[in-house]
Structure formats: structure tokens, C-alpha cells
Amino acid sequence: MKAPLTFSLLLGLFLSSCTKSSRTESPDVIATTTMIADMVRVIAGEDVSVGALMRPGVDPHLYKASPADVSKLNQAKVIFYNGLLLEGKMEDLFERLAGDGKAVHAVSDSVPESRRLARQDTEGHPDPHIWGDARLWASTVDDVVAQLSATFPDHKEDFEGRGEGYKVDLETLHRWAEKRVAEIPEDRRKLVTSHDAFAYFGKACGLEVVGVQGISTAADPSVADRTRMVDFIKANGITAIFVESSVNKALIEQIATDADVSVGGELFSDAMGEPGDVRTVNGDSYDVGTYIGMLKHNVNAIVEALR
Amino acid sequence: MNHLIPPFDAYRVFVEPWTINLSQTLLMTSIALIVALSAALIGNYLVLRRMSMLGDAISHSALPGIVIAFLVSGSRDSFALTIGALVAGIVTTVLIEFIHRRSIVKVDAAIGIVFSMLFALGVLLIELVPHTDLDPDCVLFGQLEWLGVHASSDPMKALFASSQFQLLFGVFILTAALNLTFFKELLVSSFDPLLAGAQGFRPTFIHYAMMCMLSLVVVSAFEAVGAILVIAMLILPAATAYLLTNRLRTMITLSITHAVISTIGGIHLAVWLDCPASACMVIAGTFFFCIAWFIHTRPSRQVDDTQETESLTNSAESELAPH
Amino acid sequence: MTPKFRHSPPFLALLIFMFAMPSEAHAAKISELVEVDLGDQFVRFFSLQDAAIRHILLGCLFMGINFGLLGSFVVVRRMALVGDTLSHAVLPGVAVGFLFTMSKEPWAILLGATMAGLLGAATVSWIQRSTRLKQDAALGMVLASFFAVGICLIKMIERIPSVNKSGLDHFFYGQAAALGRADLWMMGGTAVLSTIIVVLLYRPLLATSFDQVFARSIGLPERMLFHVLMLLLALAIVVALQAVGALMVSAMLITPATTAFLLTKRMHVMLCLATGLAIAAGMLGAFLSFVGEGLVSHALPTGPSMALCAGGFFLLAFLFSPHHGLVFRYRRHLSQTRQITVENTLKAIYRAMESDRFKEEGIAVRRLAGDARETFEETMTRLRLLVRDGLATFASTRGEVIYLTPEGLQHASRVVRNHRLWELYLTNEADYDADHVHADAEKVEHILGEDQVMELERYLDYPEQDPHGKRIPSLRDTQRLPLRDLAVKEEEVEP
Amino acid sequence: MTDPTSPSQEIVLETHDLTVAYDKKPVLYGIDVSIAPGQLVGIMGPNGAGKSTLIKAIMGLLEPAGGWIQIFGESNKSQRKRVAYVPQRREVDWDFPVTVMDVVLMGRYGHLGLFKRPGKRDRDIAMEALEKVNMIPYAGRQISNLSGGQQQRVFLARALAQESDLYLMDEPFVGVDAATESTIIDLLQDLRSQGKTILVVHHDLPTARQYFDSLILLNMRLVAYGPVEEVFQEELLQRAYGGRLTILSEVADATGEKSKVDLSAKR
């Protein structure tokens, strides 16, 4: 007797809720990482809705999708991803989609071979963390604009205008970053972090970057890495080292204790901060949930700690 | 709390998947069903033979196989990696059997040692051999969702054409066919190996054949559900069915039913909670297990108290004399 | 202990390398930046000048105590895989611990994880008690179900805005290399706790692990003890998990304990041995990973090195353990086969001499070969074994003739005596048919001990002849040699 | 040694110098028996005497370390279909999800070969077997819901369904009620009257006398084999039960310990 009752109850609930709800809106453009989503949002403005698959603070290595993400991808008219294996196995998927005629674009495609940095530990696969270099990041804007314009021709001029504006902003950001880094005495321009995410950043700003681990965040480092890093820090008189927001902090914190230096702060490497998290340094306010804010945060944290 | 559990919206949870997201739901459901059904079919015998944790062992020790296959073939091609994982799975079962038979080490300890050592070896290989950028997580955690993403106008046709689907489907057909054809051999060798041996059915051979199938199922499921959740898909349907019936045939039917409803339920749960579908399938399966657990009453035993005592005493460590 | 070795060799090597470094390199992994040398690493490891090495060694000590003690109980209770289950089942606890404080407070996460671990263990035993499902199925279900809940919770937590929740799932990827003071305090604490409880409750724990029904029947709180064990285990696993990772938990919990299980039959010895092995495997692993870099010029991850060292110990015990080791069993088999060959050859010579009534001292090899129906060379190979053992000599002057040395004759008499006594015993006392006894005696003659032979002899009332009517050499024959005596005795036996 | 049968009859089971070892530790030494058809034979001896081992060896589940076994004049493995086996009750998992009928049908599997499924005829045979043990009302029951006696009857029915000529039963009377015991013994006698041969491992001395035609007294070796009246003598029983011959068991232990004395070493 109970079963039909339960069933009709469920059915009633189901029908009543049908009438109330409306279709969930899905963004027209989907980007994988928060950095790309931010760039696309700036370019697209109010004209096109933009969504990100990964949420702030999520290590791309550990990202897990949900069905909602799938429907976002399926309904998106354009998909942007980073490429160079940052997204791991997801890239196979994007290549398959591209093959099927979907507008899928790897941001790193715009970066010419010559400007890609080789990874030390894996041959043939360039370092994917291209957003570290604001200029390099700016060089990808044109392709993003072109892709968006191809899909949404009505807004072509708007996209181009905003794209140019963003490039100028990024150029300004780059100059600012260079200037800030120049405040650090030359022999102290050494950035010690958890993993190899700052190669482009270091090259752009004139910092020498040393990571304890390689590109992958899940690899198991050895005790010898720890002692060597301590030696390195002492030999170079480094005063501060840095943890990353999306990587296990234990090792860097331990090295800082061993080497008796401070942890200079938390840098954003593979994911940006929460939108709306506004920080103020030297009277300059920025939202670490945006690309520019994130980069400014990183530069400020490094400069303040190493200066 | 609203952020944690999205409000239940029946339209979003039940209607959208079958209307605007129809093709994605179909894609995900069909793959998930195939995986869940193959796992459930073989899982019945695992549970009955008390070898449930072998699935866990195989899924971990596939790593060195994958790494070696990657080194040998030099490609990330999923076919080569699958072969590597498969071989590693079979090696695992042989090693477990070897350690267990050739020493006083019990089966559970043998399983634990073999898989943790092989996994450690895999991690070490990744680090040792230059130019591998395999990520253990990447290899061992699958994403059912990716199989739901499509671009072509006829996604189902594209699905049937994809090599991954063909592999999974082939494994499913093979599992089902072997289950049907050798039902009585599997039954008798699981229930009474002595009788099976006396009738000339070679229980050892059946054991290894089953282990090969298990490796195949586990390894082929990696990409869809990942290494750890596939354990649940092996055990949960069988365990649930085992609580509800006293007949193997019914148990198999029930486990298939469990696999189907927890797959479909799980996918809807995933839509509601906005969580990974494979994990939600397991949660749905666990939920149905709990229901079965709740309603099942332990069969009344007339004489078996003595028997239970007996089996408990038998399981005690006879080699280990209290000094 | 601040480093005082300011100008130690590795330091210098490092400086030199720094200057030689190409200036355009902007990023590197530390292991590619700094080359190390085998010897330097070696010295450095033992000088203990680095906090990292001190930490890892202390960590090994504490972890070894924890896992050695608890692992032994887990292994003898045949629930070795509970470690694997618990280390996955803590994931939802991590998420709940986070939700409780909405921050990554270590205590909340640890508490949540421990609770989830305990709940997992309780669920396993509850399923086992209330259904007819067996332990393996219960373990597997709890492992995967809890893990799935954890994955979903973490995905949900990602959606909570403006909270720093990144890296929650790193709980599983504890890195042995990152062991720090806080980890050590916790590991040390749990190690002390485990030791105290295991020492205090040793007897009840042993009784319940050995025979649960019996333990319950004598009024031991069997279930309570089980939960105490599980609580300790959950604590140890959670603490180890974030320090060294899930792989290490599974490996270090079972492997040393099983190795000890192979090596001893006593529980208290097993506890000590397992602890010692776990500590040794950890330290050796740390050492190899530290020094090994000088060899392969690549970072050897510390955790897997330790696990593989434990596996290496297991392999050694599996192959070489005095009782069960495969190699020893094989070696024993080989040496026994050789002994049997030697004794059978001796016996053949004795028989040949016997059929000559001990008149000839030497026996022609060809004759022996003919008796044994084998080629000349085969017989020679067997005889050379005797010569090597000093039991016989070849007479080179008269071609292929073999002479038994006095020791050889004694040994031969002993074997023949064993053989014939056994035949007699089987025929007289065990009702064997006369045609059966030979084959059995062939096996038994090689393993009868001195005492058993004497007992046999007494039992059979000092017989003179075997069932086939042949003379049984007496005890004195096996001790004294003169061949002439044997010949004389043989004459006496003749009717 | 007396042979209870006249030599003209066909020999059902013959073992010659049969030696069986578990992990190279001999449990049975040089067993010689030859059994004629239509016999109800009890196998008796103290614990550890090798009774179950003898049965398993005859079934071909254990490889003999020496000697040979013939069933109907041929190797035991080729005659599997003519041999039915009733294991000890505790050797299987009674929680296994099978019904009484399923278990009895398993008896037919040996006849079915690899691919065939049990058909109507097999079902009929199984039903018939169930009827003989008075278990028809329980045909659909799961096996854990049975009493010890009923479980034993199920096993017996399974053996009956095998339609064999030689039945090997391992302790069928352990833990069963009196009613079952008499049902079983009636059945066994019925089988014997059909010319079948039954070997039963048995524990209880007083009943042995009335149940069996001949007895095999074992204590690692064959103590006696012959008609019940001949074997049932104080002296023989004393020899079988009055402790093992100490030296024999010591030597067995020694061989077990030094386990690697290759028993087939070249002489």
C-alpha cells in the first residue's frame, strides 16, 4: 500500500516543481581555467556570457567534472582551454571536439614555438604556465578576439576594441611588474616556490625561479630535494620563499623552517583567487579574482618579501 | 548550506537531462551502464568467493603496467596503456596466489603487500625514468563526464564508433557471454571447489580465467569511473543482491537491477548535487545497499550457531601459539 | 642544532656550481639545479646536520612503532586490508572537519578524519555482524562508498565562495619529504599511545586476536578491544596519511608485520620484529632515496623508496626465512638430495661387498654401474661425490675400482642398518607386506636419527636379520671398521 | 591380509602401496585395499589417521606420492563420472545463495560437460534423489536455512543424483539427528542392494558394527581391512586407536619437517 502512495507523492512534487522552475542558463563561452575565463570575460564584455569550468583555488590536476560542466561544454558555442597538457587528459577530449567541428581553441596555440619554455623534466612538452608572462598572455588576446568574432560576428568591433584595451592594460601591468621587481636588489631576485609554475613569470620579470618539485603537483619529492633546497637558500642568502595557493604547502613551510627564512606569502599559480577578494597594497587596490589582480598580488608579495 | 547542497529542483534534476541535455545523458548513461553491468556480473563471484579486495589490488597495481607500457610504446595511446595495465593486473593476481600458496602468509596480507609494492614501484618508475610525465592521478582517476561531451550532430553514432566504447562494450559482451555459458562451472567451483575438482572442472583454471576477466573489467573502467570507485561497482550490486536473495540466479538478476538503478539514480543525483557522476553512482548504490541492509532480516538459523562458532575458530590463527 | 659545517664539501660544490650556472635559466627544479655526489650525500646523511634527515629518521621511528605494533595485530586478525580501507575512508571526514570550522584548521581536519576512520571501521564490523557478508566485501564497500562521499563533499566545498579551501584533497598526498615538527609531535604522540595500550592490553588483545569466541566466552570485552584497536589504527593512519601519504600507510602497515609473521611464531617477538623491520625499512628507504640520487642523478621519491625497502625485506624473508624461505627450502632439498645420492651409493657398494662376503675390499665401478643399471659415467659422477666427502677412494693403479674409507664403511653400515631395521619394523609391527617395505625403507633410512634407530632396535629386540634374511649391521659395526670382522660375521650368518 | 571378496568378481576400487603426503608430509603409508561391488565399507580410525585423505586421494583431488589407485580397473581420474563424493559439511560455505535443488543439480554437472545446462531429465533425477532423502518439501529453500541433518541429506541427494557406482562419504553422520542417521543408513543399504559400493568415513565404533559389511581400519597405515566380524577385534582396534605407533608418527613428522627429502629420489 505504501508504494503507490509514495509514488504519487513523488509525482506530485515533481509536477509542482516543473511549473515553477525555468531553464537553467548556460554560458555561451566556456573556459577551463580561471585565468582564461577572466581574459575572455574582459574581451566579451556584456555581449556574451562566459563561464569557467574550474573554480578558484582548484588545482587543475585535481579538477573533477560534474554533469553540469558537461552540459556547459555541450551548450557552449566556443571553448577556450590552455593547452600544453595543463588540463591533462581533458585535452584529448578537446582535440576530439575540435575534430568534430566544434569551436575549440587552445590559448597556448598563439604562443610561437620560440617563446615557449621547455620543461626541464619532460622532453618535448613545453611548460604550460604561459599566463605568468603578461606580455605573452597579451599575445594570445588577438586569437581569442578572432575566435569570438568568428562565432559572434555581430560583436566583432566590440571584441576588437576591448581586446586592444586589454592588451594595453597587460602591457602596463608588465611594465609595472618589471618596475616593482627592480626594487629587489639584483642578487636577491630569486623566487623559490613549490613547483615549476613560474618559469614564464620569472623570465618576464627577471627573477630566477627554483621549484622543489617539477611540473606535476602530485609527484613525490625526496628528502634530498629538501636538503638541497635548504643549501641553495643559504648559499644565495635568500630571505623569503613562497607557497602556492593550490599546492601542498607542507614542504615549502618545512624548508622555510629548516633554512630559517620566512614564508613570503601565498602566490597564485595554477588558479586565481576568489572574485571579490580585494587586497590593497601600497594604496593600490586589486581583486585577486582577476588576472591582473592575481599577477599584481604575486608581484607585490614577492617584492615585499624579498626587498 | 545552500552552496553545499543545491536546492532540489525536480525540473532540473529529472526533466533537463532527458530533454535539452538528452544526448549527453544518453552518452554518459550508456557508458556508465556498460561499465556497471560488467562490474556487477563479475562482482557476484568476487563477493561469493571472498575476493572482493582483489579489485582494489588490481586497480592500484595497474600503475607500473601503465608506466612500463608508456615507456615501451612511447605513446600515451590508450590501447597500449590498457594492455600494460591488463598485464600488470594479471601479474598481480599471480603474485598474490604465489605468495599465498608458497608461504604461511594469508591472502589478505598477500594482496596488501603486492598492490602496495607494485604501486610504489609505479611511482618510483615515473620519477626515475626521465621524460615521463604521467601523473598517477591522471591515470587512475577517470571522468565519466568527458564521455558525455560531444560535438557531432549524431553523438550516439560517434559514441559507437569510438574505440573506448568498443572496448568497454566488448568487455561487457565477453563478461556476459562467459557468465551465461559457464554459469554452472562458476557456480560449482565457487560453492564447492572440491566437487568441481572431482567432476573434472579444474577450479584453478577457472580462478585464473576469472582473474583475467576481473583485470579486464577493472582496467577498462579506469577511464570511465577511475580506479577506486570501480571497486564499489564491483562489490555493491553483488552485496546488495546477496542480502536479498538465496539464489544465485536471482542474485545475478538483482545485482544487474542494482547496477542499472544506481547508475541512472547516480546520474540524476550528480545533476542535482552538481558532483562527479561516478561518485554519485557509488553513493546511489550505497543508498540502495543500505535499504537492502535495512529490510533484510538475517535468515533464521536452527543449527548454525555451532557452525558459526566453528568457522570463527577456524579462522583464528592456528600458527600463532600464545606463548 | 644549527649547521656548523659552513664549508663542508657539498656546500663548496654547490657554490662552484652556482657560479657555473647558465645565466639565462629562469626556472628549474632544484634537483636539476644542484648536482650531488654519492660520497657527499653519504657523509651528509650520517652527519645528521640537516633537520630534514633528522625529521625523516624520527618519523620512521614513530611510524615504525605505530605500524609495527598495530600492523601485527591487523595481520594476525586477517584484516590486513583494513589499512587501505581506512586510509581512503577518511576523506569525507576531512571535508566535514573543514565544514565544521570553515577553514583548514589542522585539528578539525584531523578530528574529522579520525572520526570518519572510526566510523568506517565500525561500519565494517557492523556489516559483518548483521549480515552474512564477509569481511572482504565489507571492507571494499566501506572503502569505495566513503571515498565517493568524500569526493562529492569536496566538490561541494569548492562551491563555497570566499573561503580558502584549496588543497583539501592534498590530505592524501602527504609527502614523506615534508615531515615537520608538528607531524613528528603527532606521530610521536600516537606512537606512545599505541605502545602504552598494546603493552597494557597485550594479553586481552592477543586472546581476542587468536580466538574471538573463546575470548568472549571468558568474559573479555571483545568488541571493545576491537574498537580500541581500530581507534589506535585510525589515529595512526590519519596522522601518517597527511605526513607520508596513502601509499605508505598501506605498505608500512602490512609489509613489516607480515615479514615478521614469516620469521617468528611468537606474538611478542612478532610485535618487536615488525616494529624493528618497519623502522629499519623506513630508515633504509630514506637513506637510499637520499644517497641514491648521487647514483641515478634523479630524485628518488622518499615515500616509495621506504615502501619498496619494506617490500625488499619481505622478499628476503619470503626467500630466506629459516623455516619457510623458498631458497632455504630449495637448498635443503638440494643438500638432502645429495645426501640421499651419497648414501644410496654407499649402500650399493656395501651390498656389492656383502655379496662378495666382504672378501674383496674394492668394488669395480663397472659392476656398480651394472647393478644400478646406469652408464659408467653416471656411476662415476656419483662415486666422485663420495670421494669428495672422504668416504671412498679410487684405486688408480687397478683401473676403476672404488674402495670405501673406514668412515665410508661406517656410514654405509649405518645406512644399511637403518634400511633393514625399518623393513623389519614395518613387516613385524606395521603389518606391511614384505614387497612393500623396501620402497618405504628407501626413504626412511636417510632420516632416521640415532635415537630412533636405537629405539627401533630395542623395540624389535635386537634383531640380527632383516625380513629378506640379510644380516643387519649392528651398532658396533657402524662404529668400528675392520672389514675382516664383517667378513667373519658374514661367515657366521651363513648356515 | 585377507581379501573379503572372491577374486572372480570385478574389483571396484583397488589401491596399491598408496602413499599420500600433504605438503610432502606423509599422511598415509602404503595402503593396499581392493573392494568388491555391493559393499558398504566403513573407514575408521582416530583423528589424523588419514581417513579424509584416503577419500580425497581416491577422488583424484590429491596426488599420491607413491603407489596407484584404480577404479573399475582404470585410473581414478578417467572414472570420475562413476564416483560420487559427499564432502564434510563444514567444507562449504552454507551462506552461498543456492537452493537445495541447485545443490542437488550440481551432482549432474559432471555428466553435462562444459557447455550444457541441466535439462528436464537432470531435474527429474534430482527430484528423485530428493525424494529418496525425504527433502522434496525443502527443494526451494536456501541451504543456510537447513538443520545439520538436512544439509547432510542434501549432500547425499547430490551424490545420488550423480548416479555413480562408487560413493565416497566423508563423515556423513557427524552432527545429524537420529532420524537422518537412520534415513541415511537405509539409503546406503538400499544402494548396496543395487550393487553400488559405498565407502563411509565413520567415527562411532558401536554403530559401525551394525552399519557396515567391511571395515578399513586406518592409522596412517592400514591396520586392518576385512569383514566387520574379522576386523572388530579388541587387538586390531587397540592397534588402530591405541595411539599411533610412536616411531611411525615421529618419522612422519621428521619427513614433514625436513620436508624436502625428495620422496622419489633416485636410488
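Letters A, B, C and D mark the chains as written, and numbering starts fresh at 1 in each.
Just so it is clear, contacts are C-beta pairs under 8 Å (C-beta built on N, C-alpha and C of every residue); 3 or more make two chains touch, one makes a residue touch a chain.
In this text the structure is predicted, and so the values were computed from the model without any measurement.
J.: Which pair, A-C or B-C, has more C-beta contacts?
T.: By number of C-beta pairs in contact, B-C is the larger.
J.: Using CA atom means as chain centres, which chain is nearest the centre of all the protein shown?
T.: Centroid comparison flags B as closest.
J.: Using Cα averages as centroids, what's the distance between subunit C and subunit D in whole Å?
T.: That pair's centroid distance is 38 Å.
J.: Quick check: how many Å separate the C-alpha centres of subunit A and subunit C?
T.: 49
J.: Using mean CA coordinates as chain centres, what's the gap between subunit B and subunit C in Å?
T.: Inter-chain centre distance comes to 31 Å.
J.: I'd like to verify one number: the distance from the centre of subunit A to the centre of subunit B, where each centre is the average of its C-alpha atoms, in whole angstrom.
T.: About 35 Å, centre to centre.
J.: For subunit A, what residues touch not just one other chain but two or more?
T.: Expected reply: 62, 64, 66, 121, 218-220.
J.: Identify all positions of subunit C at which a residue touches two or more other chains, and write them in rising order.
T.: 132, 151, 155, 159, 161, 299-301, 303-305
J.: Enumerate the residues of subunit D that touch no fewer than two other chains.
T.: Correct list: 144.
J.: What residues of subunit A sit close enough to touch subunit C in their complex?
T.: Checking each residue of subunit A against subunit C gives 55-59, 62, 64, 66, 117, 120-121, 127, 196, 198-199, 202-203, 207-214, 218-232, 235-236, 245-251, 253-254, 257-258, 271, 274, 276-277.
J.: Please output the residues of subunit B touching subunit A within their complex, sorted ascending.
T.: Of all residues in subunit B, those touching subunit A are 8-12, 14-17, 20-21, 23-25, 28, 123, 126-127, 130-133, 135-138, 141, 143, 145-146, 148-152, 158, 267, 270-271, 273-277, 279.
J.: Can you list the residues on subunit C that touch subunit B in the complex?
T.: Contacts found on subunit C: 75-76, 78-81, 83-84, 88, 99, 127, 130-137, 139-141, 143-145, 147-149, 151-152, 155-157, 159-161, 206-207, 209-214, 247, 250-251, 253-255, 257-258, 261-262, 265-268, 270, 296, 298-301, 303-305, 307-308, 311, 314, 318, 324, 326.
J.: Please give the residue numbers of subunit B that touch subunit C in the complex, ascending.
T.: Per the touch definition, subunit B meets subunit C at residues 3-5, 47, 50-53, 55-56, 99, 102-106, 108-109, 111-113, 115-117, 119-121, 123-124, 127-128, 130, 228-229, 231-232, 234-236, 238-239, 242-243, 273-276, 278-280, 282-283, 285-286, 289, 293, 296, 298-299, 309, 312-313, 315-317, 319-323.
J.: Using the touch definition from the top, list the residues of subunit D that touch subunit B in their complex.
T.: Contacts found on subunit D: 56, 59-61, 77, 80, 83, 85, 87, 90-94, 96-99, 102-103, 106, 109-110, 112, 114-115, 117-118, 141-148, 158, 175.
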